[in-house]
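Below is one structure, written out as structure tokens, with a few remarks after it.
All chains are identified by letter, namely A, B, C and D, in their written order; residue positions are counted from 1 within each chain.
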């Protein structure tokens, strides 16, 4: 339900960077023998595309299909667990499940491999830079025993880039062999640069990323941890908006949800209750004014039904609200304009102008969403991600992240993942279901939605099937 | 995370029954023209296997890969929405999300296709049999507006088979064109028989199944609705068991969970908190007595840690508890012995015998688990299942069920789905993660677990990597 | 725990208005005989004060104690259930539990007394004014069966006064004998005026109020429905703020909660987790700048502990933010300035000025708090309130509200309840516990808190108890 | 809503034992002077009864009213915080909120009074007896920071009595001055004996009880911690039973809840949803067979409505199930027969006999209820209880427990509290509301319920009020 289709063109970058199957440095480990089927082999890969037509395409053109390396424990491990020193860092904004990932990494390192030197870097990459003066935490199963009951990150986080050379200096100084970075787009870029710098220096340090993005917008990652919890919490906020909207004459519930570039949270949460009338996402252009604009359609809805619910991803409608001069936050992300407040004010003004009293309730639940503990589904998922990250790291993999792709845990080269962003496919199942559920027209170009098309289909069908139906008698 | 691998042999039955791509009867509908990408085409199929090695296998052997038909709205519809009469029935035990599926079917029929005659059959297939005297319910969006807030089934259900001819008589009498059956294994068998009988009579009635199994054990169905909610609730019961176990000297928390033939709930829920020490499932044999038996290992655990948590699927250990003479319930399911109480008594007796006082707390939460409303994740999923079932039905498909396979909604012929059962793969990722998380040995044959194997690997590795590690200095 | 003490002076107004014990109009009902102890008698009253010293005071001065009439079913009922027509209206903002109260009133009228004409007025008092054109709803057990699963008000609400004469005109026109108003301060004022107008016209219409105030600030009402749920939700928002604060360097979580004139939600929720460092309420003055001001103390806290959580009731610190010229909303409430955003900006500016980077997260969860369904505790409470309101109304009581006072359901004359507002006692148990829990100094006048006083006591005690302690050896 | 009335006779024992106001040993502390209103004084007491008629009774008879001492910080403290060594123990079964009480005691001792030697006794009173070999835990704010997120008891518990002399020996050996016991009936009896033994030895050890009873059945305690959470969880179990009952033909949901001698949980939870048809509690006798017995009434209900929900407290109907020969558990509690399974079997047999098929679902959620973390309401309550216990202990009080009485925190002598048990008043508001809500007749003696009485009242009233009503025209 959170899945999207990629057209062939869209993943050209990925195909180019996915590169050779072995993404790790040469491995000095040794074969432990046997033919245990429960070990994954580097030659065990899954197809990137699962459409039959892609299969036929490869067959005809005699080309190799794009594939991804399966994650899992390897027969050979690269590091000596007795001597290995590992570090874990969490970067960027909060997301449900970070503590579950930390806990899972620590438990797998400690119990499965017997690693005894595990360090938690405090306050993100700041924690590796001496001038900030943050202390490291020693981690073991007892320290992390209950951290999953708490939201947020037990290690604390920070935003903003740090000097790559200083980071690698710190890793060398601390004699770290395996470095886990839990972070989003910016952090994965940093992880790629760290990998390069480590290689340049000829160090034997593995860099493993665990993608953290509450927006679920990282490329080659079907699903990111915390997303399911976020959708659950977002659905509760929408339920509140619906309750408020129905509780007052011409009530309008307006919810702003996370989603800087990809509206997955808004679209998915809107499907949970099917009470939403308009979903605005960054991927689909929108007009506010005009005959087919949001305000005009909203007016009709209120006259018909006396209440309405609008859900907007924070990145939607930026053409209205973004500063001409692009500004960036400490993490280097473009500062978005506040579409939530803009819509609230535009709606107020419009209905004032046409003298139709409305009661608008604006809800911005983002901190409440992102700071809760993971739900059970995410908790299990985070457990796997942590285990897979440890298996990859112990096997000497580097410059990669762990990902779920069509229900399989896989290894993805960092450079492939950061090459583009994952977005809602306007012709895909998710968005069409949103259109069916909300009944909203495409707000920009009033093209036919699935429902409208079907409706047309029905009308045309009527003539024919009337006949065929009459045959039934 | 709830995924399993199928070995080639295991799905032979499926390959044979999946048969030709078109599973529906000849369609008298007409093409509505255009090239809308948001329609699914019957020739749009996905690969059953996604392993690269299967791809290569087909390539070498020049055989067609096994594929599944994609679900979604079709350009041509078979029924005249104005005249179509639809019926929905829910059968068997409760499962979270049934009301969401009913609601989604009604909303899609009503809003997307404009169908106005939708009937809810009360109390399962009984509702179609005159002698029971149950009334039908007329369904429309207003009737189903809030049913998703309630658990269970709004239409009520019943167990046990009804005469197939009487059922088809009723469908004819009521002039039903499209019949949705929400039910488990038994119901899907009935649906297949109804399809055959309908075909025999030459009627134009489509039979669409929506698989309902809280155990998540239906073949060719990656995930069944309600399973995620069930795992969430089961995890809470396990949390209670853990709290009880740690709250008393030598506390043993014992939880019996659903899972007649497949232990997916037990295995998944055990991964949520990682506080479980033993997971017993029907797929893996178990010894209770003896040196490597459960009781002996439990004793060691209690001496070490003073508390333990055991999770048993209801179908586990049946060799100890099932009646010699097989009995069946009204649905035709074999009556299982009560492994939960058996284990409780065996543990009590054993520790009495060895004079080691234990405090055992036995929790059987099944009715509490299955009767809650669906969580947000299942709610969204049920929404899709209902929509897909309606799209399939309106397109004239019959004798099939809607399924999620590797994150794609697909059509599966009823006869393929009922050919076998889905089970945990003892060598797959799910079970190995359970072993890693619990640290439990294989209770029957003390073979090496992944962790033990890795440990061995480590030991052997040490010699070598010590050298390679020394090079790092 | 949500209780407060009233000093003698504070309730003078109440004593004067509580007046004679019988608050109802003369009752033409007849005695049904017997001595059933399960009926309440109008002479059955409870003491307003429960302190022993008040008892002794009355004894010495030979004065009658202030008492309240007990609620409950009466032996005599005033209205003929067969003919009686009842109406229910909900006014003002949302609050958890409104639907539970509606449901309880309907069930008690229908099942306990056999009343068959019950009407729901839509959109607050607007629903009685013809020009708005709102339709009434007929209510019965089946209509209200599941409304408690939804938050908000099933009947919808509106703000703002309506003409009292028009309201009474409508009640006469509809032949209403018993009118239940669920609303806050403004509504209870309106209810009192309606009672007067009904009396002036000599009509036999009973007016019963059920006090609705999420702020829990209505006089002579220990606890208002929805408050417990609101505190639960508020505690979750504070938990989020704490998670955010600990997740970033110098993180400051700032939560604005409901509480226009009384800070009960803020104070109670702060006690739930004991993670809050500053609680600001309207009842206690506060300085932001200056040596003992909030900013200066916050700086010290951040230097010590690296994070802080601040909770502000919306009515706190109005001296900083309220417009010179008082503005009012449609309900006649004074428009408050936004202390939340003001604090956020002041904190940002201050720490910018002193060049100490902070990460401030501002959470305003009010719509999310007030629109959820009632929790179980409130659900039970709302059930009693509805029953008690019906018992009072059927007995012919009028011009009163149902209240909980020291754990007893009582009748309170409307005019007594609206005479003043309930506020936190700065010397009472609730506020002192907040001070003990937060460790915050009185922000305005740095007087000694309980903890500081105790500390002094301890120091002085040390000398003496040292001796006494030495005796112990 | 959980309140009960006591008849005069019922509390004679209490009046006799409440005794003189000062319950503590002579206090060597000194007055710290001043007139701080935020200190409680030992002469500050509240009335036990709050009925006006009791007030008048005392006035006429010139007798002193029964009063209770108010809890809160005292100006004089008895112990030197620098030297004081405190111990906390948790005994008996689990109950939500134990960890909150522990945490609150530790925070108040540490932060408010500066005590630095606080010990957690492990595994109940066993932890003080050398032969068990349990280690103590040193407690401080950092150790208890997050324990409230977990259910159960962080210190673990055990059942059964230990030798009082050995306990006091241990307290002397460990040099404990202040001993907090969190436990139920048995523990409070032990606490009373410990107090006596301490007095006999002339030791200066204060014994403070915090009453723990999920059944809410301790005398002179309005409300016990964890009860609100238990009712919330119980209501969920009832909701499941209702869902199951409505989901099958002639569905019967049967829930067994805690309540050995007092049915408060069953009665309160039944009021939350108003879906329960029969509530069985230990306080009200019940007949199962016979014309007015449960089975016969259940049959009528099923014929009328096709489903039913029954809630039984575990102590209900013991005349049917208790062994002739009384057995006791390690805590000395009488072993109850299993009324839940008995009812299930009786219902099955009865409907088999009369050939009416029913679907019965039996739910026994007790471990799930008692092991969850406290909800927000209980969390705040536990915070106060802990603080009050510490204030009492530091002031040198002993042989007492902290209690909430009519919304005031008070000190109750242990011997008064253990003199009798708190039970539901069959003529009180709580039970009558249960009867009104369920519509169940008194199952033993078919006396008139409130609703029936009212109905009679109505009938007789009709004649008269018809006339008065006609005047209205």
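Methods note: a residue touches a chain if its C-beta (ideal position, glycine included) is under 8 Å from a C-beta of that chain, and two chains touch if they have at least 3 such contacts.
Everything numeric in this text was worked out from a predicted model, so none of it was measured.
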Shared interface partners, meaning chains that touch chain A and chain B: C, D
Chain whose average C-alpha position is farthest from chain A's own: D
Comparison of C-D and B-C (more C-beta pairs in contact): C-D
Inter-centroid spacing, chain C versus chain B (mean Cα positions, whole Å): 47
Mean-CA-position distance for chain D and chain B (Å): 42
Chain C and chain D, separation of their C-alpha mean positions in angstrom: 27
Touching two or more other chains - residues of chain B: 150
Interfacial residue positions of chain A with respect to chain B in the complex: 1, 3, 28-30, 32, 34, 36-39, 44-47, 50-53, 55, 58-59, 65, 67, 72-73, 75-83, 103-104, 107-108, 111-114, 148, 204, 222, 228, 231-232, 235, 268-269, 271-274, 375-377, 379-381, 383-384, 387, 406-409, 427, 429, 432-433, 436-437, 439, 448, 450-451, 453-458, 460-462, 464-466, 468-469, 472
Chain D residues touching chain B - in the complex, by the definition given at the top: 94, 123, 126, 132, 150-153, 156-158, 236-237, 239-241, 243-244, 246-249, 251, 361-365, 367-368, 371-372
Chain C-touching residues of chain B, taken from the complex the two chains share: 146, 149-150
